[in-house]
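The same subunit A turns up in both complexes below, where it pairs with subunit B and then with subunit C.
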Partner chain A sequence: MIERYNIVNNRYLLKDLGVLKHHLAKYYSVVQIQKDADGEKLWTEQFGDKIEPLFGHNHLPLTSPKGFLFAEKEVLYKFDGETFKTILPQVQPKVMFGVQACDLSAIAYQDKFFEHDPYYQKRRENILLVGIDCESPCVTGFCVQVDAGPHVKDNTADLVLSRLNVDDANGSSEWLVIAATEKGINSIKGMTLDKADNKHLKLRTKLLEKVRSEFVDYSYISNAIEYLNNNSVPAQLWEELSVRCLGCSGCTNLCPTCSCYTTYDVVEQQPEKPVSISREVKLEVTKSETIRCWDSCLFEGFQKEASGHNPSQKAAQRVERFWFHKFSDEYLPEFQRYGCVGCGRCEQTCPGTIGVHSVMKRIDQQCCS
Partner chain B sequence: MLQLTPQTIRIVDVYDDGSHARHFTFEPKGFVHDNPISIGQFFMLTLPGVGLAPFTYTSIPDKTGRFNALIRNVGHLTEKLFSLGKGDVLGYNGPFGRGWPVGLIKHKEVLIVAGGCGLAPVAATIDYLINNGYSKSVTLLYATRDSASQVLKKERTRWSSSIKLIETLEVGGDSDHSGLPTQYLSHLLNKDDQYPDIVLTCGPEAMMMAVANSCVDLGLKTSDIWMSIERRMRCGVGLCGHCYVANSYACQQGPTYRYDEYLALESKTVAFEKDKVLFQYC
Partner chain C sequence: MSQTQVNSICPFCGVGCGIALVASDNNITAVQPLSKHPISQGKLCAKGWNTPFGINHHDRLTQPLMKVDGEFRVVSWKHALSHIAENLKQFICESGPQSVGLISSARATNEDNYAAQKFARAVLKTNNIDHCARICHSPTVAGLKKTLGSGAMTNSIDDVGKADVILVIGADPTENHAIIGGKIMKAKLRGAKLIVVDPRQTRLAKVADLHLQLNIGTNIALLNGLLNIIFAHGWQNDEFIARRCEGADALKAHVADYTVEKVSVITGVDGADLVKAAKLYSQANAAFLAYGMGITQFVSGTNNVIAVSNLALICGQIGREGTGINPLRGQNNVQGACDMGCLPNVYPDYQSANDEQVRSKFSRAWQTEVARLPGLTSLGMSHQARHGNFRGLLIFGEDPVVTDPDRNKVAQGLRAMDLLVVIELSMTETAKMADIVLPAASFAEKRGTFTNCERRVQLIHKAVSPPGEAKIDWQILSELAKEMGFPELMNWQTSEQVFDEMCKLTDSFSGMSYPRLKQNNGLQWPCNNEYPDGSRCLHSTTFPIGKGKLIPVYHVLTDEVPDAEYPYWFTTMRLHFHYGCGSMTRQSPLLERETPIGLLFIHPQDALDLGLKNHQGVTVSSRRGCVETRIEFSNQVSPGLLSMPYHFKEAPSNFLTNDAMDPITEMPELKVCAVNIIPLPENQPPRSSVLSDAGSRVSQ
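Right after this comes the complex of A and B.
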């Protein structure tokens, strides 16, 4: 395992988050949550000098930062007619500014999964993670139930930001800045920051307890996890739930831990000698590239073999597979946590209303009755 | 770090072998196999401009690095592959996965049940057993739909003089050798002198499961039965996610599974009533 987090835990105080962001922007290109034209909050790279104000430490953005590490689509290698050449991504140092605890837990999960993937790691090495503690539960979030939040977990970020108090009179805040790694410490070199002490850490813990207490009762999720692992969810329930799965891949695309991909080849067109890749024409490829892109285990053809044999032919099998991968104890030895970080994005996006809350509620209701 | 980029191989020999199946010989171009390859492992073949898919070694690389694969023309990628010939260049990644338990099967009575193109992944095992003086303890039951579907004719001819080879046809066999392999199996296993210590099976999944269950019914332990599971794959190294069998990946813990391990994996997920699928030899 790559040791990224040499725990150092230097603590500072900061009045204006903008100062930190502008300091980091000198060395990193800034990626943060930003509203698009429709008001949707998305993880977006900032260009030029303009740095938008921070959104999101109370509201989860629709997208996670996943695509900045595990690209939605990227070239793996090229064929020049004779040999294959690896195409690693060309990356600039980036700071992911203000990543919530759930998404940081997901990045830590993917760090393990993609530990030996050169494309992922090339991006990852160049990313500074600035985490931010959530100050209240978000609409669909249940991070407390899956040990992923609401405060940034240890060993998941380089810098951690935690707002200790807000002065309503002048709108100013006081932030605790924890430099949790060598990389984090190096990133704030040159800044003049006051040292924080144990009193400030205690305040952070107190605020954490307050936020935790504000979460509604999500015990149906814990119950359902238990039923899933007892294998006591009847096939019939999966059949019923799967009727509502459109195979749209909204859940897997937005899920910050989903990592399945497929590959496809693109032939480099040569104007003087067009090459068809239709079934009838003999292969005359001289140059091509192989691309990988996100795939979804909910797609009917995900496991379908050339012979037509499909081990997960039924939608019910595929829906069950998705939840097995998120909540099975079988994955704990490898990842030390569940594949679900409790962000609830699947619930937000699923057009068939079989996101995590709906499914876990159904399981809890049916299995306990 | 993992290497996802293929190395280059060249087709050096091709001949037809059974209906819609072809025997390919590949030669490494500019590289030597750096890992010892165990029998029953697989490799990923890349057709530039088309895609990549997993295939089995019908023979593992010789001293020159050449190796063979018996491939059936069954999908988009293999259709393109069949349009290629000697000298054409392809991509190669491998070896991947876990092979047959070769160390366990020496000195044992081995029954191999292969269906259709499922003979390819066990071919190197049969050669290994014959070449190492274990041929007397090997029985091969080879099942196909009809005689046109039989593959590896040269190999079967070679083997027939040293191992016990039984061929069954679903259609067109004589009265003793027609029908499904499971029907023949009970006949075979009821003879005490041929009772196997270990069973290797490869073929359509439904056939393998039927064979394994028949063997269990006839008194074998699930831990004495091994099977090679086919799955769609896009990497071979446990990343793309396609080849899952519960919490295992066929490209890592498989493609060879011991039946009791496979059953344990299956038991972790819900057993759905499968739509009735008639298995097809591939």
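Right after this comes the complex of A and C.
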């Protein structure tokens, strides 16, 4: 993993990001955030350059770019009746152009989790990450509390873009481009770029302080993290919160660091019962595919064993475990950071209103005062 | 292998949440929630999240099939359609247009449904056109038509957030309409008072301020009791009654019989709680009333709806933001199927099929004769078939053998027909009984519109191509019309043309078009000259019938009550993770895994009395049939009441349910009957019940 970030630190200046994008588009297919007619922001593969990339701030899409690395659904093997064949994904080199700091921290986290997973690694190797510093807080984000932003963290991107100033008169900007890895340097070979100097780096740090100061007071999150690690939250509170968990799986699907999956077999010539995960069904295998898909630890069936035994039968246990995974110090040695990168997506998607802000506020109010 | 995203609408319930379908290689690989969607605002329930599994499954039908000597053979579209057309023409010629009909689908688009009723009325010349609303919400349409003049949800979903009291009767929205359920829980967090009326302790009941856990089937007694309390305390809205209602005096006199003591005995609800509920609801600034199939699926379904309407009218909780009478409808486009006239008695926009002016309007527009005689409901068609009077039926995307009450009779009816054509995504139980099966396109494979429960018409877009030779319903009908000798009548090239034709022939949709729907993120009908941007809230100044009608209704017993032979109450329910007959949701390994081991929910006390262990196998029987399944301990049901989800063909609750009908709408009493349970020996697994092709019950 570490080799990927064979740290270099070349800095350049750039007036027009379009120049960089066009250069990269020669070698990579470009994936970037776009806004549709309703104002919805989505990570999409860009064809041509009809739509300008969204840069700067407050454009965190509800759906993280996780699916480009860890696919929602993919075939792992095929069984032709006699032998199993591993199906690695067919991938083209892609550049993810303009990833925000929280999502980059999450990708770094997933890199560790999936270190030995050939499917993830095949995709990951073919991706160039171009990060972008946020210029103002997004709606529900609290990256500052969990050390994941608002500026791109070291060792999380190949190239980092930071806007140093905007010339309102002609709408042009000056960008600092940091090539942070070997891969990053290679990607901009052949471009003529001016070198940046220390004064530009200092300006970036100054801007970072400014953005940090614009975040509203999220101290309830820091308080609750501390409480979670040093005390036990009353069971009653988990009960009250978990009644509101509808088991939709939205939080885990949108959370950029969630990585649970399950596998199931699809058997051909058994049109009646294609899904063999169900109990009490024995299938005679002829040809089959083993598919992996995202799973959610909030589903009751997640840990249910064939016997019906379930170590996390109660919703309260599942909700508690989810937050333990996000904020426990226990995972620091392995991942060097919390499992939460502060994107706030779980708050936006939870139909039961028990996303991160709601939960941490409750813990803070009930336990920390 | 690049990836595309196409906006669509979740196909799993009447809430109509926004989704982006992510496709690569003509496969839906994922869905994404849409934060800008006016209803879902970035949220989805488990069903919505699992949409990709329902579409890509590996058992899709891809070619027309025709049964020859009891086995399906692949045939060409040309062959299949001309065979169907020849037969239909022959039946009409020999037995008249009353002998043929269509059952359309509450899952199909408005365009498909419009085409279906047009095909029935203008090609077959019959009003024999129906869809599944009969088993969900026809009492809503009938009841509210009488009291208000219109059977749809009066307010909008986000009015939940504007109410200070929310009353939920016979509905389980956190499980069945999860995004609305979530909004209700959120309103409660914000400080709104929540009252739940339900025989089961639903999730909402657990968080409610007040749960009136009434005996099953005693809704009218409870509602009349509340009215009596309200009148006795002078809590009624006199100003509203004087201005907007008629029949208040008669109603007041009628409900005087329903004293707190008496109602408390009938319903089993504490008198003090009744008074609290009456006060909260009547005295609220804005009270939002939602109800579901726990109101409609009774022999007294229509009267239940009327009783609900009486309560809202007397308290003036209608016609303003945050109020209203709000039926929560099951299938994603059941509103649209009704709106489009897939009912025997109405044309699109509820224009009466019995009205000569309406008939000649459509006859002129379509330039052909239209049906003259009154039409049959789906149960009526099945009934007539059993008596040899009904010969040819086309069923679109419905599985009545699994979902209709008393499936044995349904199967008999279908078998008695000379020609059964089923247009489906996959080989369902009903399709297996067909003479011809035609492969249909799923919602992800076509353009069109769905109408959600708040009357919002929303566009869906094509994300992938249909598999093999599968076609869109309206295209199939258009081609069949040509085979029947009507080359021009339904000769549309795009779904937009179908929609535009419909808008021209209706008032409520006259201000709509695809571009306008896109611009506005959907439009709520009526959308016409008067309300060019649609209508968030109905009846703000007047009701379609002028003054709202207050109609006295009596508490009646359910058709069956427990007795010595069948000592338990039995009710049906839905599980959050499944939808309808399960044909789409059960394709998801994640949702399938959520299915409990036992499908018969029983209070632990009852199980103890019977000496039953959790998950033990039992035989459940009613006067109509029996089913073997396992029990699941649950505190959601009270002692004496058993409950079973209806999604699972291995434990078909409709072997047991009663088909005694609401006399007004023929709505069967699916919500309640009497049953007995007998334990199976402790280690004997239950046999799953399936319907054989011969229609008799066999065990596997």
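Some notes on this structure:
Just so it is clear, the second predicted complex is superposed on the first by the 338 of 369 C-alpha atoms of A that agree within 3 Å, B and C clash if a C-alpha of one lies under 4 Å from a C-alpha of the other, contacts with A are read in each partner's own complex, and residues count from 1 in each chain.
Keep this in mind: contacts are C-beta pairs under 8 Å (C-beta built on N, C-alpha and C of every residue); 3 or more make two chains touch, one makes a residue touch a chain.
Only a predicted model underlies this, so the values are computations on that prediction, with no experimental measurement involved.
Once the two complexes are laid over each other on the shared chain, residue contacts for A:A37 go to subunit C alone; subunit B is not touched.
Contact with subunit C, but none with subunit B, is seen for A:V243 once the two complexes are overlaid on the shared chain. In the overlay built on the shared chain, the residue A:S136 is in contact with neither subunit B nor subunit C. Judged by the touch definition given at the top, the superposed model places A:N165 against neither subunit B nor subunit C. Touch criterion not met for A:Q365: it reaches neither subunit B nor subunit C. In the superposed pair of complexes, A:S222 makes contact with neither subunit B nor subunit C.
Shared-chain residue A:A235: touches subunit B; no touch with subunit C. Of the two partner chains, neither subunit B nor subunit C is touched by A:T205. By the document's definition of touching, both partners, subunit B and subunit C, reach A:Y264. Residues 262, 264, 266, 275, 277, 279, 295, 304, 308 of subunit A are contacted both by subunit B in one complex and by subunit C in the other. By the touch criterion given at the top, residues 29, 36-40, 42, 44-45, 47, 62-63, 67, 71-73, 90-92, 243-244, 246-250, 253-254, 262, 264, 266, 268, 271-272, 274-275, 277-280, 293, 295-296, 299-301, 304, 308, 348-353 of subunit A touch subunit C in their complex.
The residues of subunit A lying in touch with subunit B in their complex are 76-77, 79, 81-86, 113-114, 116-119, 121, 231, 233-235, 238-239, 259-267, 275, 277, 279, 282-283, 285, 287-288, 290, 292, 295, 297, 302-309, 311, 313-314, 316-317, 320-321, 324-325, 328, 330-331. Chain contact summary for the complex, subunit C toward subunit A: residues 1-5, 7, 20, 22, 29-30, 32-37, 41-46, 48-49, 52, 57-59, 174-175, 178-179, 181-182, 185-186, 189, 203, 206-207, 426-427, 518, 521, 576-577, 586-590, 592-595, 597, 615, 685. On the side of subunit B, the complex with subunit A involves touching residues 1-8, 30, 46-53, 74-80, 83-84, 88-89, 91, 204-205, 230-232, 234-235, 237, 239-247, 267-275, 277, 280, 282.
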